[in-house]
Structures are given as C-alpha cells and as structure tokens.
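Both complexes shown next keep subunit A, but they swap its partner, so subunit B is in the first and subunit C is in the second.
Then we have the complex of A and B:
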C-alpha cells in the first residue's frame, strides 16, 4: 500500500539485561535501514534498562540447526 | 491418529509449538484469530484513553498516561509481528480493514467522560487484559508468544496499579467519590464481558484444546473477580458481586448478561439478556468504533495521499 513500507526488512532484536546475563532474542522490528532499526528497537523495547541491545537483519542469520517441524512439509 | 489429535495430545503434554511446521491448519487459524483479537485490543485501547488524557490533574499523571499508551502500542506491535511471521499482511490489517471488522472489546468503542474513568479503565479493563494474557503467558503452547508475554505481563501490572492509585485517591475527595462509583457502575460489567460466552454455552474450545490459553472463560472471570471485588470494596466502591462462602466462588448480584443503554452508559438490570444477543451487540460495535479506527488509520492514509499527489 505504501511505497516506503515495501522497502522495509525485518530485524531481530537481542538484549542483555545486565552483565553476566544471556543475550536473549526479545522481538523484531521492521525498518528501512539498520540505523532506523536501532532507533525503533530502542523505543519499542524499553521495558528494561538493558546493558546491551543489538539488531540483526533477519536474512543475515545463518542457521546451523532448526527445530524439526512436527508436521514438516505436511502441516499448515 | 490425525494431525489434530497428535498435536492436541502433544501440547497437553507440554510440547511447545515453535513454527508453522509444527501446526495443522486448525491450530494456525485459531492462533491467528487469537493474536488478532489481542493486537486489536491493545491498539484500540489507546483512542479511548486519548479522549481524556489532557484532563490529567498533574503533569506526572499525564506522563504516566502517555507511557501507558506507548506500552499498549508496543503490546499491539508484538501481536502483529507474530502474525506477520505467520504470513499475515499486517499493513493490510492495520490500514485497510473496515472499522467493524476489528476485534477489540466492545468496551473500547466508548469515549471516556472524565479523568476518573481513565483510572477505572486501567484498574478494571487492564486487569482483564492482565488476567487473560497472564494465563496465556503461563499456559500457551505457542513458544514465540509465551516469550513475548514476559514484557506485557510486567507492564499491564503497572497499568492496573496506576488505575488503583487514581481510584484510591479520588475516593478520598468528596467531590470525586461519586464519579468513581458512576464509572464502576458501567465499567465493572463491561470488564466481565471481556471473558466471553459462559462455559456451559460452549461445546468445545479450540483455544483450550490446542492450549493457546489455559483457563476457561468462566475460570478467568473468577480470577478477575477475585482481585477486582476486594480492591473495590477496600476503597469503599460498591460492586454488584460478592464472595459466596458455600460455593467458594464470586457470584454476581445482578443478571449477567443483561441489556445496556448505550446512550446513558447504564446497565438495564431489569432486562436480562442472552449471550447470543450480546454477541450481536459486539458485532454491531459501539458508538466510537468508526471514529477510533479512523484515528488509527488517519496518518497512514494522509501520507499515502500526499505521496500520490507528489507523484502525479
């Protein structure tokens, strides 16, 4: 519908609450650029005072292993 | 065993669904319906709050109200991004959907009359959200949703506490006491309707069989009553429900469901109603439905118009 939206890609958002914690996947953000993704992530996921937060463009993730689907290829 | 039986059995044993390959069509459909209701509810809670936020008595109250609205939009974002990952066209859902197709509760189709109602909205309606989503957070078989609900749970608790603070302080002011009671008189029963049709009228629930949620509608209504009633009583607000020692349950002192006078925002307790009629009322939507949805879609539509003009 909106031309600009078509150029958006999905970024996964990872955070660490405090030093020593695990880096955890907390959600996603759709953005036109990595810079905007950083801004959107900081505003959207403000439920903690994170010590660390990063965004990774989803198509940059290289999967080594994924859960085997219960109905792989035959389900919904 | 067919896919439905396999999946139902597995999720009841604690299997976590992580992706579409773990779902059958029925699960996917029920999950999408549930997430659409949740996303719409979170997002459409904002327009009614906006109708009175500028009546906030202090700057601090105003900042808190805005923070709550920002939270709600964040929660809506969670539901919609999960829907997007399930293949839904969320831009279409948000900006092209007709107002009467939105799935938010009927209670959110009303303008608020004053600041006190914003407090009661937080204390009673956010409590309903907290009850429903707390149950999903604890029980849902859909992994991505369960993880996302951690944030929602924390924030909804903050919203309902904010509502309690507003109600408690208003009850100490002789001029505002009446307003709290007036607000509770229409919003208490509205909140009870959030939980949907009575259990004995539902033959089966896919939401429960697939463990999208854990408790039944009536069980969740009891959970809500178990904190809403004692809170209201503790600050001197009258509610049409009490705890029954014998059955160890909260019981309502008025017919439920019953007819509602939309214009005067009053329950007609002398006119009991059926759930079929209530669902009809929900589907017909409340007075501000169109205006509120247009408010959400306005920016995107104006921007699109400007773009089209710039191009042509």
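Then we have the complex of A and C:
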C-alpha cells in the first residue's frame, strides 16, 4: 500500500451551506482518485448539511496571483 | 402474528440476509477499518460503519413489521445469514474484497425490490440505496488500487475477492430460484441477478480469480 500512498494527490474542498451563499473553501483532502476524493470529502466534512460540495484537484487550479512565501528570499 | 405466505416468508428471509450482512459489515468496518492505510480511508470506513449499522437497523425493523411483531426486539446479534467471508474479515484486503462483493450483490437485490413497484419498499429503501452508492464507489476504488498494487497484495486481494464473490453469487442464485418472491410482487420479475453481478465484477478487470477450493 506504500505504492498507493505515493500516488495520492491533494484536492481542495469547496462547499455552499445554503442556496445563495458563497462557495467557501473549507479544507483539503488527499486521495488516490477523484472518486475517492468525493467520498472522503463527504465523510470528513459532514459538520453541515451542505447544499453543494465539490472537490478540485490542486494542480488543476490556474493561479492568477499567489502570495510569495514569507521567507522566500532566504530560500525557504 | 398473522399467517405468512411463502412469498412473505422468503421476503423476510431476504431482508434479514441483507440486514445481517450490513450488521456484520458495520462491525468489521470499525474493527478493521480503524487501522486503514491512511487517515481519509479510516475516517470514511468509520463513517460507513455507522451507515451500514443504520441500514441494518432499518432493515431489521422492516422485517419485524412484516412479521407483525407487537414489540420490536432489541438487535443484539445477526440472525446467522451473513456471508462467512464477511464474518471472517480480519484485515484490510479481506475487508475491501468482502465489502465490494457484498455491496454489489445487495445493491442489485435492493434495486430489484425497488423495481417491483411496492410503494412501501420505495419509502423504506430509496434513501438507503442512495447512501449505499458511496460505499460502492469507495470499495470499488479501493479494489482497483489493491489490484494494481505491488508485491503479494494483488494476489492476496484476488484470493479474498474470489471467496467473497462466490458466496455472493451463490446467494444471488438462491434469490433467483425463490420464484415466490416475484410471484408475490416483492421483487421485479425476470431477473438475471447473477448475470448483472458477473458483469459488474468483470468491470474490475480481474484477470483470473484465484480458486479457493
């Protein structure tokens, strides 16, 4: 199962509590497939009765702007 | 207690078999799932355990209603109809194999009950079938991972899956042979449960299931 752990990717989890609310980033999930990411997200973030929930693979995000690391200059 | 027809007796037995398997799966998901290979898989296993135990309670209560019991007894153990492959689960590989085979078989049977058009059945099991879908996705994805893993894992998994599949298949064959179920309108007519089960298991692309006999 070590083989599979190496293949895990990070998914960002977004939810909307009620219709008309903002879609909010509530956390992340590490999963082996997108299907498993959906199941893991549903079971892990079950504190609300969300009207919407979606997972997005981190490397599918197209960044427009990103903050630099606080210690970027020091090679951190 | 009212006199039960052959169809009703078979239907109660069917519901109890599903409830027993879900009851034991819930227990095994807690016992074995708690030591899953990663945090997310473990959390999901525990959440699914709660789901399976809830489904079992709903189905046991349905069987009590069908038996027209005035006082519903406490559920302290299964009635002895759970598949041995599930009862004997003691590691992650056997857990996924049993969970997958049993959930595929149970899903087919419950959908056949739903397709019979009984209005009472729909109100009782529609939500259960929707919730079970996540259990199916989970076990199928983990089954694929174990089949594509390294070392002895794929062969161990095939061995466990073979045993679980043969027991689930034998049950589906038995259900198909209970013609009184369809005649009394408890499940849809002209079912080919075994065929549907085989084609769903084949989607895993398991080259050769290891014979356990």
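The rule is short, and it goes like this: the second predicted complex is superposed on the first by the 68 of 76 C-alpha atoms of A that agree within 3 Å, B and C clash if a C-alpha of one lies under 4 Å from a C-alpha of the other, contacts with A are read in each partner's own complex, and residues count from 1 in each chain.
Rule of thumb we're sticking to: a contact is a pair of C-beta atoms (placed from the backbone, for glycine too) under 8 Å apart; a residue touches a chain by one contact, two chains touch by 3 or more.
As the structure is a computational prediction, the values presented were derived from the model and not from experiment.
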Going by the contact rule set out at the top, does A:44 touch subunit B (first), subunit C (second), both, or neither? both
Subunit B versus subunit C as contact partner of A:56, first or second or both or neither: neither
Return the chain, subunit B or subunit C, that is in touch with more residues of subunit A. B
Return first, second, both or neither, reflecting whether A:36 touches subunit B, subunit C, both chains, or no partner chain. second
Check the residue A:17 against both partner chains and state whether it touches subunit B (first), subunit C (second), both, or neither. neither
Which of subunit B and subunit C A:28 touches, first, second, both or neither: first
Identify the partner contact of A:71: answer first if only subunit B is touched, second if only subunit C is, both if each is, neither if none is. first
With the touch criterion stated at the top, can you tell me which subunit A residues are shared between the subunit B interface and the subunit C interface? 1, 3, 5, 30, 44, 46
Quick one: which bits of subunit B touch subunit A in the complex? Just the residue numbers, please. 3, 6-7, 10, 15, 17-25, 27-28, 74, 77-78, 81, 84-85, 91-92, 95-96, 147-148, 151, 154-155, 300, 303-304, 307
Give every residue of subunit A touching subunit C within the complex, in rising order. 1, 3-5, 8, 29-33, 35-36, 38-40, 42-44, 46
The residues of subunit A that touch subunit B in their complex are 1-3, 5, 10, 25-28, 30, 44-47, 66-76
How about subunit C: which of its residues touch subunit A in the complex? 37-38, 40-41, 43-44, 47-48, 92, 134, 137-138, 141-142, 145-146, 149-150, 153
